[in-house]
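Two complexes are shown next, each including chain A; its partner changes from chain B in the first to chain C in the second.
After this line comes the complex of A and B, so read on.
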């Protein structure tokens, strides 16, 4: 087994809280420099240190490229605000538009890069155990974990159904009406067969005392270290200070 | 809480979430100009009422958010639609064709009222999915404002989508065996006839 590095070893809840704090801060401070010059490079650096850079970068890249391109196209060019910097045909790049595009993409970028790093380096079951320890009901943990397992499983089943329907002669290519008609015979057998299975699944879970109200024991044992408990507080404090600095003129704020 | 979330409902929710995700994937495989990512949520609404439906909808987008976090804000759309459909279902809307159509109208309104502000304010006009964005960009080049363009593009993608999703659920509820149906909180209502 590969030895887990720093970020992957961190307590899941700590990572999640830090990621959400950073995201929240980027919404409040509304400054693109925070995202582009600080958080995004930092997240890439952490991913490199954690040895997860390749798969992490692929995911970030896939999520960001088209999205950011569109936002820039629309915000910077098509919603004119203020003086024009550059123009080509009907496209006008304006100061206000560029600023807005940078701000929106920076905020989204912070959320994307931090959350993707958390999920890239965290085992979902660990995250659920750490949430259950803070008082989340086990039903909620079940819903999350079962959904994550159910999606690929039902996906496989939907492909089987689609092939069966194709063999029977249903067309999946052609005009929109033909394609829409192919949607129902694929999805409805999937839904109905899954629902009729629910009874068996309920019996299985109940045989393992699923709805018992006695406190659970965990197969996975997780503890937040001293460092992990206090780094959350530290990050929240830093973000609060930054927000104050941004908005309170007395200590050098910008507004 | 226990009243809403029986074991049957807790098992139904992950299935509904998978149906949401697969419905969305299938719609894009078949290149349909719709999302169809809410069928599961409306199904939970019909079988178990508003609160489980809101949970199913919200968690769907949180799970989609694991791979692409831009889906997360749209959880609000799912939650709003789940609430509307669930409330209507409690009143027995999925029993008749006419009331299902009205429910679809409510779901459609809830989707528009939540999705358009999220797309416009949070993402500056770009829908997380992508398909709608091309339409939005098109309307912008014709000189319409941002809110107007996003609304028009949402009208095009959402309208048929929500009606189809709601009616699929109407027909599915009709084809679930009664023995399974009665185990859900709202199930006995459909079994009476």
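After this line comes the complex of A and C, so read on.
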């Protein structure tokens, strides 16, 4: 097993709280430099230090291409405010538009990079255990984890159904129309069988004392260290100070 | 001696069923008994198990009347969570029996103990012991969703017996398994019998029933048709007319008794037969 590095070893809840604090702060301060010049490079640096850069960067990149760029372009070009910086045909890039685009994308970027880093470096079961310890109901943790595990299982099952339906003579390959026609006979057994399985699953969970009123214990042994407890407080404090500095004129705010 | 489980004049009809499944079922099961429930398909074997475990009426509704008692206390009045460490239940289908949230077999077995709030040190000891007892060390770090049917069934049994219930209901555990898988499950059932657990087993493989069960309850037409010791029931030729097979040695014994020489006792297991025919 690969030895876990600093970020991967950190208490899951600590990571999550810090990520959400940074995201929240970036909404409040509304300053693109915070996201672009500080948090995003920092997250990349942390990912490198944790040895997870490659898979982390792939995920961030995929997210950027999908909506990050899209939002940026729409905001930058379609909200003309102030002086025009650059123009081509009907497209006008204005100072205000650019500022707005940078601010919005910076906020999204902060949430995206921090949360993706949390999910990249955290085992979901560990995260749920740390949340359950702070009082999250077992049912909620179960639903979350079961949905994650269900995806590959459903995938497997849909392949089996597809083969069975092919054996009965339903065409599943070919042009668009043929594929569309095959959609319902393959999808409906998948949905129906998943629904009928719910009853069995409930009985299985009951057989394992899932609804027992005794408070749960956990096999996964997770504890927040002294450092992990206080770094959360420290980050929240820093973010509060930053927000104050930004908005209270007495200490040089509203730059 | 007081019975561990008891049914008194139980009637039941499923919510969506037209006819009753049971009309007046009564029996008592005592501590350490190994009872096998037989009967033709659709005679209500699984329904009976579900009622004993409280899944009916808690999860599956219907009209249920009569008394269903665990140590004299009504089972339908207890919550399912309360019954979990008292009556273990092993299902027929190995593929739906995993929790669906655990990453290793080890954690899967620990799941029930986590829910029961067993302290971590004790949990680890129990899981280790169970894995050793069931000889599934090779599966320990595997993902529960990537096991074969037989392996899954063994993990499911391990997960239940880790919770150490004194009563076990085992509903056709081998119906979807190959001969090797079946043999492995019966090895485990033998272990449970040696631990003096009270066991209720639904099983069609009659040779195994003859070997392990001490008592047979046979369901037919919404009622209990036969209730007696294994040898007593499995030496009756008429059992075969109610959709339950007889062990090969019992068939031989019956035929021999009719056509050659009357036997005092019809054998139901091989060793017995050998003894009888040796004279």
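Definition applied: the second predicted complex is superposed on the first by the 225 of 255 C-alpha atoms of A that agree within 3 Å, B and C clash if a C-alpha of one lies under 4 Å from a C-alpha of the other, contacts with A are read in each partner's own complex, and residues count from 1 in each chain.
In this section, a contact is a pair of C-beta atoms (placed from the backbone, for glycine too) under 8 Å apart; a residue touches a chain by one contact, two chains touch by 3 or more.
Bear in mind that the values here come from a model prediction, so they are computed numbers and not experimental data.
Put chain B and chain C next to each other and count what each touches on chain A; the higher total goes to B.
Shared-chain residue A:83: touches no atom of chain B or chain C. By the touch criterion stated above, A:150 is placed in contact with chain B and with chain C alike. Once the two complexes are overlaid on the shared chain, A:75 sits against chain B while remaining clear of chain C. Judged by the touch definition given at the top, the superposed model places A:125 against chain C, while chain B stays out of reach. Legend: residue contacts after superposition of the two complexes on their common chain; A:210 is shown touching both chain B and chain C.
Legend: residue contacts after superposition of the two complexes on their common chain; A:202 is shown touching both chain B and chain C. In the superposition on chain A, A:167 makes contact with neither chain B nor chain C. Applying the stated touch rule to the two superposed structures, the overlap between the chain B and chain C interfaces on chain A comprises residues 142, 146, 149-150, 153, 199, 201-202, 205-206, 210-211.
Chain A meets chain B in the complex at residues 59, 62-63, 66-67, 70-71, 73-75, 78-79, 90, 100-101, 104, 108, 111-112, 115-116, 119, 137, 139, 142-144, 146-151, 153-155, 158, 172, 176, 179-180, 182-184, 186-188, 190-192, 194-196, 198-199, 201-202, 205-206, 210-211. Note for the complex: chain A touches chain C at residues 125, 138, 141-142, 145-146, 149-150, 152-153, 197, 199-221. Residue ranges on chain B touching chain A, taken from their complex, read 1, 5, 7-8, 10-15, 17-19, 21-23, 25-27, 30-33, 36, 39, 43, 55, 59-60, 62-63, 65-70, 72, 122-126, 128, 130, 133, 136-137, 140-141, 146, 164, 168, 171-172, 175-177, 180, 183.
Of all residues in chain C, only 53, 55, 58-60, 79-82, 84-85, 88-91, 93, 96-103, 106-107, 110-120, 123-124, 127, 145, 159-160, 163 touch chain A in the complex they form.
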